[in-house]
Amino acid sequence: MSVDMYRITEQPYYRPVGDEVALYEAAYRHRIPVMLKGPTGSGKTRFVEYMAWRLARPLITVAAHEDMTAADLAGRFLLEPGRTVWHDGPVTLAVRHGAICYLDEIVEARQDTTVVIHPLTDARRMLPLEKRNEILAAHPDFQLVISYNPGYQSAVKDLKESTKQRFVAIDFVYPPPAIEQEIVMRESGVDASDARLLVEIATRSRNLRGQGLDEGASTRMLVHAGRLLVAGVRPAAAVDAAIVLPMTDDAEMRAALRDAIAACL
Amino acid sequence: MSVDMYRITEQPYYRPVGDEVALYEAAYRHRIPVMLKGPTGSGKTRFVEYMAWRLARPLITVAAHEDMTAADLAGRFLLEPGRTVWHDGPVTLAVRHGAICYLDEIVEARQDTTVVIHPLTDARRMLPLEKRNEILAAHPDFQLVISYNPGYQSAVKDLKESTKQRFVAIDFVYPPPAIEQEIVMRESGVDASDARLLVEIATRSRNLRGQGLDEGASTRMLVHAGRLLVAGVRPAAAVDAAIVLPMTDDAEMRAALRDAIAACL
Amino acid sequence: MSVDMYRITEQPYYRPVGDEVALYEAAYRHRIPVMLKGPTGSGKTRFVEYMAWRLARPLITVAAHEDMTAADLAGRFLLEPGRTVWHDGPVTLAVRHGAICYLDEIVEARQDTTVVIHPLTDARRMLPLEKRNEILAAHPDFQLVISYNPGYQSAVKDLKESTKQRFVAIDFVYPPPAIEQEIVMRESGVDASDARLLVEIATRSRNLRGQGLDEGASTRMLVHAGRLLVAGVRPAAAVDAAIVLPMTDDAEMRAALRDAIAACL
Amino acid sequence: MSVDMYRITEQPYYRPVGDEVALYEAAYRHRIPVMLKGPTGSGKTRFVEYMAWRLARPLITVAAHEDMTAADLAGRFLLEPGRTVWHDGPVTLAVRHGAICYLDEIVEARQDTTVVIHPLTDARRMLPLEKRNEILAAHPDFQLVISYNPGYQSAVKDLKESTKQRFVAIDFVYPPPAIEQEIVMRESGVDASDARLLVEIATRSRNLRGQGLDEGASTRMLVHAGRLLVAGVRPAAAVDAAIVLPMTDDAEMRAALRDAIAACL
Amino acid sequence: MSVDMYRITEQPYYRPVGDEVALYEAAYRHRIPVMLKGPTGSGKTRFVEYMAWRLARPLITVAAHEDMTAADLAGRFLLEPGRTVWHDGPVTLAVRHGAICYLDEIVEARQDTTVVIHPLTDARRMLPLEKRNEILAAHPDFQLVISYNPGYQSAVKDLKESTKQRFVAIDFVYPPPAIEQEIVMRESGVDASDARLLVEIATRSRNLRGQGLDEGASTRMLVHAGRLLVAGVRPAAAVDAAIVLPMTDDAEMRAALRDAIAACL
Amino acid sequence: MSVDMYRITEQPYYRPVGDEVALYEAAYRHRIPVMLKGPTGSGKTRFVEYMAWRLARPLITVAAHEDMTAADLAGRFLLEPGRTVWHDGPVTLAVRHGAICYLDEIVEARQDTTVVIHPLTDARRMLPLEKRNEILAAHPDFQLVISYNPGYQSAVKDLKESTKQRFVAIDFVYPPPAIEQEIVMRESGVDASDARLLVEIATRSRNLRGQGLDEGASTRMLVHAGRLLVAGVRPAAAVDAAIVLPMTDDAEMRAALRDAIAACL
């Protein structure tokens, strides 16, 4: 598989909020592994796409899940007609060709992924592929990036200390209103006034976080609402479909959200 | 496999209740993923069939279950005589050929289905088929639809926030009496008076919801009762067989239901 | 596999208790799925055999168990020398050839069986065989029947509402004494007096249900006791071996049962 | 596999205690399935060997365990060089050739064994071998026997009512002293006086059952002690090694047992 | 595989403590299965090696673990180029060639190992290899030995009564001081004075058992400490590395141990 | 696979803290297995690399994880075109060629790894490869080393006593300030003043251990912070990214850490 498939050819739209770009570049200079922390839809994935474009490195993204094992990352032998063929997993591909490898919500994966992550994130920078009789030294350009949503973690599902301490971390929060408004306009096509309204709604929903909502409305939801508006849906219906209904099934919580929203519309 | 197998050639009977058709069309215009929320038998499956027919898109439906994995959705290699052949899963088929893919009760599936759903429901709109060395860009007509029954969810089995926020939602409730009566007549062949009676019975059963019943009688049950009536079964026996007995085994609850029903018959 | 293997060529002995035969025929006329509810040994299996004979349809019975998966029902590819051969599972066989398919104690099976049951029990009446690239439309004669023992169900193991509401239900209880006596005579060969005695014993054991016994003696147990009598075993020993000892290991409960029985012998 | 391998050519030593032989013969005459109930080492296995010899039927014994599945009983396809060969499991072998099939401690097995047991233990007397496309009618001589230790059962691990009610039961307890003494002499070679002593010791240990011991000393243990005596081990050491040490690790319980025993030696 | 590989050609060093050698020989004469009971490092493994050498039988040792199944013991078919070859497991090898088979900490293994152990430990002395269509009668010299650490057992993980009662048992405790001193000198090369010191330390650690320590220092640990002394490590450091640090991570417990030890050094 | 791949050709930087080098050499002289105990990032891995270099032995490192089984360590047969090839696992490779085998965080692995570890860590020093019909005597230079983080262990996940007692242990703690400063300078390139500052920060974070932090900042984290400083990141931002953010997500804990750090900057 050519790694060129993973090159990002067009500049992704990313609106920096603080000094995260400089910090990432400093970490990449020393190839220090990076952990992106923050809630759903706060821009972690877009940021790493932007950095990969900026650093002109291919980006290989893997969404972790609770059945994901080390072999899913490293690769495996597949039976083909008349022969057995090794198939590089996404991490191996990145290690071999010098891509940035982004493991999204890594904490969801099975613990045996440790055997892939640890030797790549200390002085060794190598990936043992025992089934292939190969110890793969990481390409000089390779870097490992993981994401982590602090709101999700529990005692049973958390990164081990010995994993956490291998990464420098960058915190992601929702962008300040002026920037978020700029993003919504650009991504959905609504005008400034609708975008400001949607951001105001998001802010109100985020204030309800911890009072019955696990998370507030993400920027992504605002973009959905904006697109429904552009397609001609009434504002109240668009906000309901894109923000209120997906967020909660609790009748009281929905009422509270709709009250907060009605004040804006 | 030809995707034409999945075309809906006859208009399915669907009786709109509110502005759900327009809202869905707005979402489809931007290919925003849609989540249908509502109780058993409230018409979610019929609605998506109707929309697929209306939009002239093939519809690929998958009933999720707790053993369903990403490979069940994406596909796998099968051994055939003398060779190994890739077999597209239902989601891949939909992505490749521009069908609407409907994942029914997705919350039942294993969490690794996230690797299939996430990259298809954000700006990327792509499906990584690692085992095939292929990143499949979604056909422009492809759309993902999921259903979700809020009454079922628990702390252990719920969609992750990072999944929920990728969808706009449409709420389904039982139709208002006049519309439900129209549906029952049409689907079972009973006359208006029997249909009105059955809807009245359903309303009474739904009032018992939360007082010992998990759900009230669905429209589907009324249709069953109607068909038994048409086949000559006595009303009390038909309602018992189609509504009371399937809903509960609790003697007191059955008595309460039968009392409520007797008042109608 | 020829479905003729599953034809019932001799009339099974079934003694109707109420209007269950007519109700089943009405349901079958519209091919509405049927759920048989009732305790162990109350005649559910015999009833469905009788109906299959009466309707002249082949009957394919599957005893569900907690390791049973959708593939056990639908079928799978088997490796044969030099080739891979699809093997229809029992449900597929029934769907393809128009048999009645009886899933006994379906609640025991794994939840992925939903993917087989749901599309067969709504308007679609079809079975998606994804591994075969086939959507199998049900033969016009096909009907699905399931059984369910309400005494067994618990919060963890129950049918989902969205499954239950797809069936009309028929309740089974032990037959009234005169009918049960008739059955015992016919099945075991005892005379009327012994049969009356055995039914009296059964009634007494059923009165102890809920006072330390999960279920009372089934008609099947009475037949066993009758056959031991016919083979020359003393009444007390026959009743002990066929009824008391299998039902409970609790010394006090056994004493209570034996007391109740002694009064009859 | 020839079923002759399973014929019992020499009369096994079995000392009847009550009318169990006659009762078993009556059950076998009607091929009613039999359940042997009783504690460890009370002679259940020896009894079924004796009955198989007496009835001149081959005996196929299977020790159930918690990983045992239906396929372990029914059989499976095995890959052989250049072909796939069906291999009858022990139950299938018995069903096909008319053996007595003895499932020892069946309650330990996985619940899917129900699919094998149920159709063999009702009027159908058949074994569906779906993977082979075969419905195997039981050989007229076939009979199913299971064993069950009431002392072991718990709420989580018990036979289902619908299984229990398919069997007539025979209770096993330890033999009365005179008979047990006869057995110990014959099996271990000790003289009457030593055998009487060992039986006295067993009786005392059985009195401690429920006071810290799960079970008392079995006849098997007495035979072990007798053999150690015959090999020249001192009585106290032989009884300690064969009875006290295997039964408990609790220091106080051991002291109590040794006190009870010392009074005999 | 030649069983000669398993012959013990040099006399293992074993220092008898009581009449365990004679008792084992008596059991072996009748081929009664033997259970060795005792704490970690009390010499169970060395004893069985010594007895195998003394009786001139090959010894096949298997360390049980919680993933160990019956097939690990009995054997399995392995795919080889162009054919499938049966591979005897360790128990089968011992049964076929008349070795002593030692299952170390058998209670750790999965319960399906019962199917291997039971028919080998009663009058049958046979091993059913169903996959091979073979009932293997045990070689006349075969004997089964198991070990069991009473300190480890819990309600969830214990041998079944029906297994326990098949074995005569030999208890192992730490040897008396004079003998243990002799063992430490011989195995580590320290002089009498250092060995006495180490045994004194062990005795003190064993007194702390149950006061925060699961087990006291084993003879094995004393040998390790002795060897470090011989290699020139300071006594306090050697005892710390070989005894204190491996036994506990609790700061208070370590202090208590070091206090007890300091009094000796 | 050539074991030369595992030779360490350049002297790893390791700064001894106490007499650990001499103790390890004494243990290695007798090939006594060694257990390295200590928190994350306290230098256990670097130490074993240093010792392997010093002793001129290849070093094979395996990061244990909860899905790791004995076969992962010992090896397995792999299917290759037209044949089946045995593939030595990492432990077997080390045993065969005389490498030091380092099992990192072994307590994470599945318990069946015991079958590999036990026979290699007692007088036998052998590895039974049953699938290969081979008992592999360890190369004279082979040694087994494991690591263990006492802070992680719980009742459910701990080494068995019978495993622990096979190792001598070396305790690792964070190095004293002067030495840690030396390490940070050398590994990150910061000057003495920045290194002293970072060590002071680490000390303060370690004082918060047990007051809401599972572990304090490791030396590795200080090196990360140092490298960010060298790359031009502001001190507060570097310390935040490398130390504060990865360690905790708790707002109060972060504030406490930042307060403690602010006093240093």
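Chains: A, B, C, D, E and F, in written order; residue numbering restarts at 1 for each.
By our rule, a contact is a pair of C-beta atoms (placed from the backbone, for glycine too) under 8 Å apart; a residue touches a chain by one contact, two chains touch by 3 or more.
If you want to know which protein each chain is, UniProt gives these names: A, B, C, D, E, F = ATPase.
These numbers come from a predicted model, not from an experiment.
Student: How would you label the subunit E and subunit F contact, same or different, if same means the shared numbers make up over half of all numbers there?
Tutor: Different-residue interface.
Student: In angstrom, rounded to a whole number, how far apart do the mean CA points of subunit A and subunit B lie?
Tutor: 30
Student: State, to the nearest whole Å, the distance from the C-alpha centre of subunit A to the C-alpha centre of subunit E.
Tutor: Distance between chain centres: 52 Å.
Student: Give me the residues of subunit D that touch two or more other chains.
Tutor: 79
Student: Taking the touch definition from the header, please name the shape of the chain graph: line, ring, star, complete or other.
Tutor: ring
Student: In their complex, what parts of subunit E are in touch with subunit F?
Tutor: Interface residues on subunit E, with respect to subunit F: 1, 5-6, 39-41, 45-46, 61-63, 65-68, 78-81, 87, 89-90, 104-105, 108, 149, 151-152, 214-215, 217-218, 220-221, 224, 227-228, 230-233, 237, 241-242, 245-247, 249.
Student: Would you tell me which residues of subunit F are touching subunit E in their complex?
Tutor: Interface residues on subunit F, with respect to subunit E: 19, 22-23, 25-27, 29-30, 32, 35, 37, 69-70, 77, 79, 82-84, 110-115, 118-119, 122-123, 130-131, 133, 135, 150, 153, 160-162, 164-171.
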